[in-house]
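These are the structures, in structure tokens.
Below, subunit A partners subunit B and then partners subunit C, in two separate complexes.
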Partner chain A sequence: MKKKFDLTAITKSKLTWAVVAEVLILLVCLIVRPDFFKISYQESTGMLYGSLIDIINRSSEITIIAMGMTLVIALGGTDLSVGALVAVSGAIALKFLRWDVLEYTTPGDYTVCSYALVLIVPLVVCLLMGLFNGLLIAKGGMQPIIATLILMVCGRGIAQILTNGKQFTTGYSPFRVIGQGSFLYLPMPIIITVVVVAAVALFVRKTAFGTFVESVGINRSASRLSGINAQLIIFIVFALTGFLSGISGLIYSSRIMSNDSNNAGLNYEMDAILAVVIGGTSMTGGKFSLAGTVLGSIIIRTIVTLVYYFGIASEATMAFKAMIIAVVIVLQSEPVRNYFSKRAKKRAYAVKGGVI
Partner chain B sequence: MAENNLLEMRQIEMTFPGVKALNKVDFTLRAGEIHSLLGENGAGKSTLIKCLTGVNKKDGGTITLEGKEIQPQSPQHAIELGISTVYQEVNLCPNLTVAENIFVGRQPMKHGQIDWKTINRRASELMSRFHLSIDVTRPLSYYSTAIQQMVSIARAVDIQAKILILDEPTSSLDDNEVQLLFDVMNELKKEGMGIIFITHFLDQVFAVSDRLTILRNGQLVGTHKIEDITKVQLVTEMIGKDIDTIFSLKRAEVADGEADMLVATHIGAPEKLEDMSLNVKKGELVGFAGLLGSGRTETAEMLFGATRITKGEIAIDGSKTEIKKPFDALVAGMAFCPEDRKRDGIIGDLSIRENIALAVQARKGFLKPISTKEQNELADKYIKALGIATPDAEKKIGELSGGNQQKVILARWMATNPKVLILDEPTRGIDVGAKAEIQRLMLEMCGEGVSVIFISSELDEIIRCSNRIIIMRDREKVGEVDGETCTQDQILSIIAEGSTAAGGEAS
Partner chain C sequence: MKKLVALVLALVMALAAASALADVKVAFSQIGQESDWRTANTDSINGAIKGHEGWELIYDDAQQKQENQIKALRNFITQNVDYILFTGVVETGWEEVLKEVNEAEIPLILIDRMPDCMDKIEYAAAFGGDFVEEGRRQVAWAGEYLKSIGRGEEEVNVVIMEGTTGAGAQVGRTEGNLAAMAEYPNLKLAAQQSGNFTRAEGQALMESWLKSIDKIDVLIAQNDDMALGAIDAIKAAGKVPGKDIIIVGCDSVKAAFDAIVAGEMNCTVECTPLYGPFVVDAIEKLIAGETLGKELIHPVEGVYDMEGGINVGNDTVSVKAADVINERQY
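Up next, the complex of A and B:
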């Protein structure tokens, strides 16, 4: 027997409405710019070019962080420190890469430390900072929003101290590859994102980790009494989120080949939370959807692109972005979904009636 | 006879996808009457109440209140119509004060501001009507569940309800508190209020009601005056089976020389329990009797590592085991069904399958996942074995009835093949049929060599099932009696007299 096409369930799903929103925004983009979907190949860089590629490319930083944020939110928490960790990661990387003013006159293709350190140290530091968050929450019993506020506030300060308040620049080409290179005709950040998303998805869905996260997020006490080590789960999730923020920080600083303790990762925490929410994961914790989060992140980036295309003054972009996001969220809200699912039901009845 | 009916529900029908939850049910309530509504889990009691309180919309039939037909649209609407409900789980805000909880949403105002003085005074008055002199400006969470329950009844009463629905109000109360509640119910009855009383405690039904209505599988079985029916008839009507077939339980048999499976020596934790020792033999069922807060639950929590012990030691199957957290206990072969199923047992949004596999998975660690196929086998096995009423294993556990939730939690632990099973009030708030089934399962497990610790507030079920009974009072073990020879009075006197009961130690 053929599986029944269940319109009611589809209209009830938040993910459906995220897809609808994305398609609508893309259509508007297409109207504004008829060549919007065009993708071309540029031989000199060996990369594909086009607005769609660009949207996915530019959404990488948020998507990577939002993978961790999805798990954090599934636990019923939030992590506000991710943006600051992006700055820390970039600051450390650039500290090791920095343009040595005494010897050279321009930022060049060299590094002060070995390249391995440039990549590993920022990631390890971010991982430790994530562990620190986890420690405050799991052992200290602090609310995640408060615990991560600490690093959100002082993380940028740490980044400033690490670089003595200076902005370093570099020209080291292996580092440039991370944010500006390409692989398989695609920009490197997309490749990194795909790898990260796949790794996180495999980790949570092919082991029982995802179920444990959901379980702890829904009922921590009952989970503990069932033998789940809730503290360990919290540790891992926050450490992972810190680590992913580190990766995101490397991509960001590689794009600008510099560190920017004030602006790197600014408001990333909000975008990441938003991506998770648009993706259909509830802020109260519990069931989560990584695929939804990826889509949420892409939607946010599409909106930003749309704002550019409309040629809206830069002062107004935030307001415009907020407006569209508000519409997306309303589309996904329960009353609206229920309204459409009721209509779908009615239609289903009508169709049945017609057949009989 | 029908003319003085306060409430008439006629031919009520309600269909959920795939299930006929109510099939042409009639129910009447008179003013100044306490009317018990009885039936097993899933019989349709809750659904009927939900139709009345506007939570669900009925598919057919009429509801008439004081001669006028009503269509409750929402719980709020039902309250406006004069129908107040007190639910089994306290539905108040623990972080607000008692007074705030009573008046929230309808605070008396004075000069455009909330009149705190009046609120607190009226709240005190109201509570004193319940013979409770408590500080109403303290947060609700400061008080015991029993008092919280009273507060929610006080709130319902103060709304000037014509009909008060009490949905399992007594499941977390001890005997004195129950008596207090009955006094209040009788007073309200005298004032002409109609009270619908839902409970699983049959004694209480006979103690307080005027009439009772029995539902089974969504059908009306009958409405009787309380003096026209005996307890046995009642149970038979409820479950539709002869009572003897259900209550013929056989106590576990323990050989004299059987080794101790669990030995706890002088365990204690600050502010919980000072000093506690006990032993349970292989295949033995040890009951824990005592009042609420006597230290029964604390003992269970210490044994399972939910509370970390600071002194004493625990040995399982002959070897000393350090239990710092529930995981250690799980690995050592212990299992624990906690008292508060909703708070500590179920993972509401996860499916039955995931809930059943949870403890086994926790023992293996998340890196060694149980495949969905194995999980399904596990779930199907226990759904069948325990008779869990569900269309399939993917249903969320939160959507099941209390008895079925309890069975899923039991399945979660049975799946771990435990050596020691601790059950804290496993039969609370579930119906006679499911209760008997859980008792049967418990004894079956004893027969398979599992040692069971069984905590319950109901003495008769403890006496019926236990080999030995440990009696707790004021966070101390005050006695131990043989399950086969002891009487209810004997246990009660030990509870009442405390450690002075010299005969207590003879086991």
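Up next, the complex of A and C:
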């Protein structure tokens, strides 16, 4: 028997429901304000200009972190330190950019320590901090949520110390390129995100790494017995997440050309976890979906942009976001998906002329 | 063991004796370091007290934790200080410990943030910014400036970028903003929304507004950080900040002065952290036996813009930012 179109499999997939949710949100926008979808070419910046571009552009920070978070959650853990690492990364970058901070001058291109240091040191430090998380979890046997709580709490403190609790501003134009530059008519963060997502996807799907992660996430002891080096897998995943938080931190601070140790990456851990969950990866570990995570991150940003665009009162913003997210999560829940897949089955059966 | 206890006791007594040498012991419980504003506030007060002859400063940094502040206040009581300066990290939950301060008969000076139990406790003086007046000045400046460039009759669209919803500064400045909007009938409110007092959110919010609102003439941002973020968004939309869109910020941080001098921002209304001189003055008056009353004492604050000379009411005329930028301490 040839299967043409398996409706059951589609209705059962969590990813489908994430797509449905995003389409529904955008559909409401289309009805209320069709110009929400307007995209034009901005000559002064050489970039495409429109709310949809904004959504993808501003979701970059979360998408990049959520790539790592997906793997962490697939291992059955969570990484709470990502938001603090964003602040650390920005603080280090600005520290190098404003080595001259004692002699305050007006904005412009500052003499900086070598630009390479500005980019490399934050990423290396974040990678090491990720390794530290991995060490506590793999070697120390700590629960990931507890182990990463350490850096979540003290990371912002480290960022504050690095910059003496001050907010530095820079006008160094090569640094501006990361968050505000453009490439191929698109904002640079989108390009960086595409590269990161592609690299992570290739790494986990074209090698056996993704399978190893899923295997360790489902049953660590069994994976170890079957010859998978679970400790090494945990190390790599947490170090990668730290590194990706570092990239995200550079984008964040380049957007505002400043460090903001109090607010940079604030609640990013929650947004990243939410993106992964909306994308259909289960918090209990095991199978994961990178594409779903990207979509989850875009859904979160769509909601934020919607609030701004439609001028929803600031008091109601939180409730509005919570409402949409609740609907999305409920749509994806097991009972709801089962209900729809049962209906699809029934219908398929009925079409074939069966008696229900 | 007994020897050790004796030694410790002797040390404590020696320390107590040493500290008793100072005439006036002023203790300051600060909430911690959260922003440039707060750093400038701490430096100003600490510097002024340390610099005063015969005065001793006991400073406690609470690292944004209420329990640390309560502990510090109780320590101040045991140390029998002469004056307590206090900025509470939150509004609630201070009644018990502040009543203990009252029982110890130590004059209490409230600074910047007022606890909600103000009417139930005794205090010698209270210093705080006038958020409502700051909000009023922001809109008044925009209204007067438009008149001065001949756009006083023209209908202009105003967007208000609010701070973190529920924060004292947001509530006060929004009240002031909206009250002053009524005074200038040519100003039309096009949107108001929270940008959470941060550069990143100010930028994202402005980015969306530029697409959803056809014509924005004036941006009132309830702090300078959001205004600075918005400037980048305005540039990205191909508009000229400071010209196509008039930008009014609040706080008067140095970065805002730089932006004004560079012609990318129009005005910033001051919210000064430099309380040092006022506090020293107040303590001197208290020592001399004067009373300062229960009313909140507002520090003198200015308005800074590109050209200067805009009268925003209440005897305040704006000052040209370029003239005073080198004096800015924060």
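Heads up, the rule we're going with is that the second predicted complex is superposed on the first by the 342 of 356 C-alpha atoms of A that agree within 3 Å, B and C clash if a C-alpha of one lies under 4 Å from a C-alpha of the other, contacts with A are read in each partner's own complex, and residues count from 1 in each chain.
Everything that follows uses one rule, which is that contacts are C-beta pairs under 8 Å (C-beta built on N, C-alpha and C of every residue); 3 or more make two chains touch, one makes a residue touch a chain.
Note that this is a predicted model, so its numbers are computed, not measured.
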Quiz item: Sharing subunit A, do subunit B and subunit C clash or fit in the superposition?
Solution: fit
Exercise. Rounded to a multiple of 10, tell me what angle the C-alpha centres of subunit B and subunit C make at the one for subunit A, in degrees.
Key: 130
Quiz item: Is A:13 in contact with subunit B, with subunit C, with both, or with neither (first, second, both, neither)?
Solution: neither
Self-check item: subunit A residues touched - subunit C or subunit B, whichever exceeds
Solution: C
Quiz item: What is the contact status of A:255 with respect to subunit B (first) and subunit C (second): first, second, both, or neither?
Solution: second
Practice problem: Mind working out whether A:33 is in touch with subunit B, subunit C, both or neither, as first, second, both or neither? | Solution: second
Self-check item: First (subunit B), second (subunit C), both or neither touched by A:209
Solution: first
Practice problem: For A:287, decide between first (touching subunit B), second (touching subunit C), both and neither. | Solution: first
Quiz item: When the two structures are overlaid on chain A, which partner does A:222 contact: first (subunit B), second (subunit C), both, or neither?
Solution: first
Quiz item: Just how close are subunit B and subunit C at their nearest CA atoms in the overlay, in Å?
Solution: 34
Quiz item: So in the complex, which bits of subunit B are touching subunit A?
Solution: 304, 306, 325-327, 329-331, 336, 338, 343-350, 354, 358-359, 361-370, 412
Exercise. Spell out the residues on subunit C that touch subunit A in their complex, using ranges where they run on.
Key: 33-36, 39, 162, 165, 191-194, 196, 198-200, 203-205, 207-209, 211-212, 225, 228-229, 232, 235-238, 254-255, 258-259, 261-262
Exercise. Under the touch definition given earlier, write down the residues of subunit A that touch subunit B in their complex.
Key: 206-209, 211-212, 214-215, 218-219, 221-229, 233, 286-287
Exercise. Using the touch rule from the top, collect the residues of subunit A that touch subunit C in their complex.
Key: 33, 35-36, 38, 42-45, 47, 49-51, 54, 58, 104, 106-107, 160, 165-167, 169, 180, 252, 255-258, 260, 262-264, 304-305, 307-315, 317
